[in-house]
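Chain nomenclature is as follows: A, B, C and D, assigned in order of appearance, with residue numbering initiated at 1 for each chain independently.
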Amino acid sequence: MIGPLYKVLGWSHGTLLVLALIVGFFFGYALYRSGFYSAKKLAGVFYLYDFAVYKVIFVGIIAAALLLWLFSGIGLLKFELLSFHPSYLISAAIGGFIFGIGFSIGGFCPGTSLVSAVTGSFDAMAFFVGVYLGIAIWDLGYPFLFKGLNHIGKIDAKTLMEAWGVPYIVLIIVALIIAVVTFPVVSKIEDKNK
Amino acid sequence: MGKPISRREFFKRSLLGAGAIGVTDYSYVFKKFPPGKAGREDVELIPSICEMCFWKCGIIGKVKNGRLLKIEGNPRNPHNGEKICARGNSGIMQLYDPDRLKYPLLNVGKRGEPKWKRISWKEALNRIAERMLEYKKKYGARSIANLSHGSSSIPMRKLLKNFGTDRIAHASFDQCRGNRDVAFELTFGMGAGSPERVDLINAKAILLIGSHIGENVHTSLVKEFIEAVEGRKAKLVTVDPRFSMIAGKSDYWLPIKPGTDTALILTLINYIIQHNLYDREFVNNYTYGFDKLKEEVKNYTPEWAEKITEIKKEIIIEIAELFGRSKPAVTIFPGRQSTWYGNDTQRVRALAILASILGAVGRRGGYFFPTKIKLKGCPCPNKIEGEDFLCDTSEYPFMETTTECIREATLNDEVKMWIVYGSNIIHNTPNPQKTIKAINKLDFMVVVDIKPTEPSLYADIVLPEATYLERYDIPFMVADSRTPFIQIRRPVVQPLYESKDPFYIVSELSKRLGLKDCFPCETMEDYLNLALSSIGTNLRKLEKEGGVYRYEGKPFLDDFGGNYRFPTPTGKIELYSTKLSLNDKDPIPKYEPVEDPPKGWARLSYGRSPVHTFSRTENNKWLHALNPENDLWINEEAAKSMGLKDGEYVRLKNQDGVVSDPVKLKVTPGIRPDMVHTYHGFGSQSPFLRLAYKKGMFENALITKIVLDPIMGGMAKRINFVKIIKDGKEIDFPVIKQKPSGFKKKPEKEIKIKLTAPLPVGGHEEEEGGC
Amino acid sequence: MRNEILEKYLPLTPEEKEELKKKRIKKHHVATIFLHWFNMLVWLTELITGAALIISSNYIFVPRFFTKLVSDIYGTRGNIIRTHIFVGVVWAIVLILYALFGWRRYLKPTLKEIFGITKDDIGWLVSKFEEVALGKKVHYPPQDSYNGGQKLFAIVVALMVPVIIITGFIMAFHLLTPALIRWAIIIHFIAVGLVVMGLSVHIYMALLYPPEQEGLFGMIHGYISEYFAYHHHYKFWRKKKKGLDKPAELPPKKDLSPIKAGIFLGVVLFFSFYLTGFGLGSSGFVQRTLVAIFGAFAPESVKNHPYMGHYWGVYPLWNFLVFMGFGVIIGTLFAMFLSNHKFRFRIEKGDKISDIQRLIYAVIGGIIVGFATRIAGGCTSSMALSGGSVFSPGGWLFMIFLFVGGYLGAFFFRRLWK
Amino acid sequence: MAKYGMVIDLDRCVGCQACMVACKAQWQTPEDYFRTWVKHIGPVQIKDEMVFTSYVGQCNHCDNPPCVPACPTQATFKDTETGIVLVDYDLCIGCGYCVEACPYGARFINPVTKKVEKCDFCYPRLGEEDPACVKTCIVSAKVFGDLENKDSYISKKISEGNTYIIATKEVNPGPNVYYKGRRSKIEAIIKNYPPEKKDTLPAKIWSNVLRPFVILGAGATFIGSLVAFLFQINQGEKEGEDEE
């Protein structure tokens, strides 16, 4: 069965929502089992005592990329049918920068704050409310204050493969090398600051 | 009809029906019907006219809150009544075809590989008008040519004539029935008519040459034909090198050698005259040049004909006797597509002469006369000074402007702009390569169509026309009928997307061209009301009466009290054509042999699929499901010796080296070994027609050699020869000597059955039973 | 093999027997009781409607007057099949919930016991057969909380019920291909047939067979006399006496190592792409729920709001990311439950700041993060993770600047977490 | 009471397939599926005659239809009022046993509704207008009517003689769609599209092997319990004996 199944097989919107529930279930399960219910562990990456966030994201990207590359290679997945975020480079950079600051202060990102809040952490609940407020500020202020701030630096290329003309597998290997190099260094820093 | 009980009564019964006796006693209340069914209750019935082909059958659209659900025949139409063919039924899929043209498009890419930009109607019409005025100023109005087909292109033609150009060609003249109508014009002073004016119902014998009725579906014609042959047991003689569907129903099938039909007809004429089986009294009163004819055809003997046509002389004699016996109720079917071998007008004249000497003109069972009445309408006067047919008519005395002339003129830069209106010139005109070369020399090309067919790929501007289910059209007067009538096409649903009806396109264009006196009517409804006022009715009233207005017809001679004067120079049927002799052409048809396919080659013949109007319906979802691609008929014996199997895909190469797309083989004994046959109109080259694109073989590409008919310039197309290419290797056709043949249908043994006795397997008691 | 089992019994004096008869011990949990009787009702309706559905001459297996009777009760046979499907779906949902939530406390131990067939069970069956069929006097080996016959029937039910549900769903909702549906019918019939075979013995034993009388009441209020337990379920009685049957408190699981967690997350992300073509995301959940809330107050202005407008769609909550959010919530609960962690209200903070300060900083952090997701168009899971795996330029840029901002922020707000 | 049937005159039929499209337009069957079909045969040599005909077919509403017993839930049945084989769409679970059992292949599973679909002689149009295919047939080759009513047009047409049914000695479910025309055409049809008896594997396994097993099994245990109960009754009520 050639993926992405929802688009290739033309399933109904209802089926998509059921799939969303299932994927969300395992997403929440994975986040919890990675220990991201504790703000301490999450913020650790910025305060150098626990680089779990860095490692998990990096390994997650590499694992998913490898599977995506493998499946589209043998024709079981139509890579071009996946939905890509439009790339607004400058907006992404500004957004990422501010996100980092907020992350270091609050100790969560939206997904992990939800996970932690559900397991009873008051600060996660506060953070989650904060996220609502942040987005509300944007939504209400958008027409006159922030119009277009999220659409700066648009480039056509949807993936680095298109932008740099580099094959998918090469980028994965580069990421793997970075991981292999940085993980031991990071682990040393962790032990020092524990 | 057994009186079926009414629906309510039926349901009442089944509700009460307790456990009825019988197989298993569950008396279920069957109330739930499958979803999405067009019940009778809230369906609106709107009469209109079909345009899936040009036959114009009357239809009723079943519309439910603005959506067309089903199309059925219009019982009030005297021709097709409640009957409509497969294409008529599938008009819905033409209306709701996702690939149809939706908005005016401007081509910002190259010719042939278009990149479409959506523009507004105003902008499109402004650009067109601008160009037309520019070319008129620079090169004269005649630098604009029009290739059109179908009833919706008539307003545009009138506009162009008013604008000052008569470079207007329709495929129907030079590719289809042009030479048939010229032949009848020369003989009777009037064309053969569309629908053909043949009184089949009363015919005792019918001669059918080269027309495959039944595979070529014109509803009322097929209906009358089968009623005559099967219903009233008229004797049918079919002359066709291929065993067509109608040949299967005929009393005589003559697998004639292609190109020798004229020889056969002249032999019949000669035999009938020699054995004075002809209608002496009719010939004396109504024909001219009988003696010259008698002299001319005297050495066309059956023995000679057997050698030429490969038809047994006994069969030829038997047929001549048959026609002699059954005169004057004999229908010599005029055929329709008749541009075959290059001398086709003479062949059709021979047919007309055969019918005349049998007295089958203006008589029951033969040809009959049309009855026209004058209808007012919004005029768009023709402002053409003098005649300029673009081609030198000295060679072709009876030629009108043909596609070939326009192509030639474009190639030597006399024509700058083409308006292609509802005609797929890549599919219907032979030698499409030459057409494309001509297009590439054009400055500007406009295509008006309902679907993105091949011409739109080369157009600069494409205008989406509303389909026949979304527009009014000029009133149609069906004069060629024993029961003549006038019928109106009206929109069954509102036009979808931004498609517009022809009147809007033409009136908007005429405003921009500053033509004050062309189509002064505001809308098409005014035009129709004006026209209908001349017969004392109007649009609303006519629609209430089912959209058909019938008037008195005078089809036969005795309607004129016996002294009918034919509109020919001599006032009689011209067996000897005075006009032809004036233009030093053979006044009486002669048989001229046609070039045979060289050794190893076979003649390529083409025909219609019962469910397609050539390339127009290939993208129709339902019709496509019925017949997605054409296949190539090939003789069983020839295929065996060439090592070809049924269902295999091969390619064809014609004498000019053009290689075709792959086509599926249909191996059958029902075709002569020296020819192959396929359905025309498949293999669309337009990627925008997603269903039809590259499905089946684009066989028109193989028809590159053409010969112009010496009398009227029609393009003969059945003179191209092909070879088979299988996995890259060319395979020659074997030379199989054909013995003279001709088949007579054996009478069927009459088998009586009693309804009570259970019918045994596949047959009857005294039979040996099943196969 | 048969006679040596007798010695196992602890000999009892008649007085002890009388005394045991008076005392009662608990046999079945409330949930098990509820489930048993719920099953009984389901099987009753499903058997009646099911049998009445199948009436074609090739398939019918009940007398025709019965099918006629049921058809008349239900009016149209359409109602029969609708009832059958409805009850089947409810049954499936209840069973699945029971299996998921009751896995550790109820289902796992029961299954372990049912499938744990010992020589005693076989011995019991053999002797039962000899007693009933051959009329011999026999002594039964000691049995656990379920005797041999009950275990056999339970195994058949445990195996056949999932088969019945799956084939039932295939038939009711015409899943996959007609060929599969054809086989599903046959398998459905056989599975039900096997269970029905056991059922008649089960009912006879419970209702009519005097010695098992107490067992029936055991399934009604959950208690049986100690003597009955001693006599019929000796091993269960002995365990009960020694208090062995309490499920031990399982130790809580440790978090996965980052590598394993990363791979798990990567696989989940891959399947999200493979199944739906969309990546993971959570800020979308917040955005759309917010739009829904605003929409509740002023639907018109939200619908054609320049930014919020295109989040409206058919209805903002009827969306992929929103349902993913719900999935995350359920998944987290399950993860917590299955890794034996307890739900505890807590505040995690550095030592230097008070709880109130921590909450205020959390809100401020939330606002900044919320605002940032709108600029970038996503959060860590959608931009960094999903975007990163397909190497979207925006994704990687977002991640890099995230760490830059993060370390900058960490420098200033170190004291929050020290 | 009525028994509706149809006569198809193959001599009149020109194979124009209008009936297929009219039926599809009326019931909106998905594009590659047809309730009625026109399969061209030939031109081919049958004995010494050239034949070019079309097998115009649909559900024959047989007298003893093999599809009815094949349907487990009896969703399909021959309506005793009209003789038309109908389908109750509430009961159909889309298993396709009837599709396999029909010797003429007149049934298919509609991929959209996932239930069986077949010609039902335009049941909802019955009594008001002819079936869509009969009404649109341009050469009136199709005639529809009540076979039991002797003076109906269809009965007259059949009694004119030369009427056949598409059936063989082995497979003759009593079809109610009659064919007229030259005998060579009927033979060409039976040669190319013979009605064949098909039995699906699961159905065979069930009716021959498993059903007896299940009935016996359930019956045996039931009777076993009954016997034990009777045995227990005549033994008289004994307090649960407390043997060791």
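Note that in this section a residue touches a chain if its C-beta (ideal position, glycine included) is under 8 Å from a C-beta of that chain, and two chains touch if they have at least 3 such contacts.
Computed from a predicted model, the values in this text were never measured in an experiment.
Engineer: For which chain is the distance between its Cα centroid and the global protein Cα centroid smallest?
Structural biologist: Located nearest the centre of all protein C-alpha atoms is chain D.
Engineer: Measuring between mean CA coordinates, which chain is farthest from subunit C?
Structural biologist: For subunit C, the chain whose C-alpha mean is farthest off is B.
Engineer: Count the C-beta contact pairs for B-D and for A-C, then tell me which is higher.
Structural biologist: Most contacts of the two pairs: A-C.
Engineer: Report, in whole Å, the distance between the mean C-alpha point of subunit B and the mean C-alpha point of subunit D.
Structural biologist: 40
Engineer: Subunit A to subunit D: how many Å between their CA centres?
Structural biologist: Taking the mean C-alpha position of each chain, the two centres sit 58 Å apart.
Engineer: For subunit A and subunit C, what's the span in angstrom between their mean Cα positions?
Structural biologist: It comes to 31 Å between the two C-alpha centres.
Engineer: Round to the nearest whole Å and give the separation of the Cα centres of subunit A and subunit B.
Structural biologist: So the centroids are 65 Å from each other.
Engineer: Where in subunit B do residues touch two or more of the other chains?
Structural biologist: In subunit B, the residues touching two or more other chains are 24, 26, 28, 32.
Engineer: Residues of subunit D that contact two or more other chains, please.
Structural biologist: Within subunit D, residues 68, 74, 88, 90 contact more than one other chain.
Engineer: Would you pull the subunit C residues touching subunit A in the complex into a rising list?
Structural biologist: 255-256, 258-259, 261-280, 282-283, 285-287, 290-291, 294, 305-308, 318-336, 339, 341, 343-349, 355, 358-410, 413-414, 416-418
Engineer: Help me check something: in the complex, which residues belonging to subunit C touch subunit D?
Structural biologist: Contacts found on subunit C: 6, 9, 11, 17, 53-59, 61, 76-78, 81-82, 132, 139, 171-172, 174, 178-179, 181-186, 189-190, 193-194, 196-198, 200-201, 203-204, 208-211, 213, 227, 231.
Engineer: What residues of subunit D sit close enough to touch subunit C in their complex?
Structural biologist: Touching subunit C from subunit D are residues 68-74, 88, 90-91, 93-97, 99, 109, 114-115, 200, 202-203, 205-207, 210-211, 213-215, 217-218, 220-222, 224-225, 228-229, 232, 237-238, 240, 242-244.
Engineer: Using the touch rule from the top, collect the residues of subunit B that touch subunit D in their complex.
Structural biologist: By the definition above, subunit B touches subunit D via 1-2, 4-7, 9-10, 13-14, 17, 20-24, 26-28, 30, 32-40, 69-73, 80, 82-90, 92, 213-215, 217, 219, 222-223, 226-227, 230-231, 243-249, 253, 610-611, 621-627, 668-671, 743, 746, 748-755, 758-759, 761-763, 769-771.
Engineer: Taking the touch rule as given, give the residues of subunit A at its contact with subunit C in the complex, in rising order.
Structural biologist: Where subunit A meets subunit C, its residues are 3-7, 13, 16-35, 37-41, 43, 45-47, 51-52, 54-68, 71, 77, 81-89, 91-115, 118-124, 126-139, 142-143, 146-147, 149-150, 155, 157-161, 163, 168, 171.
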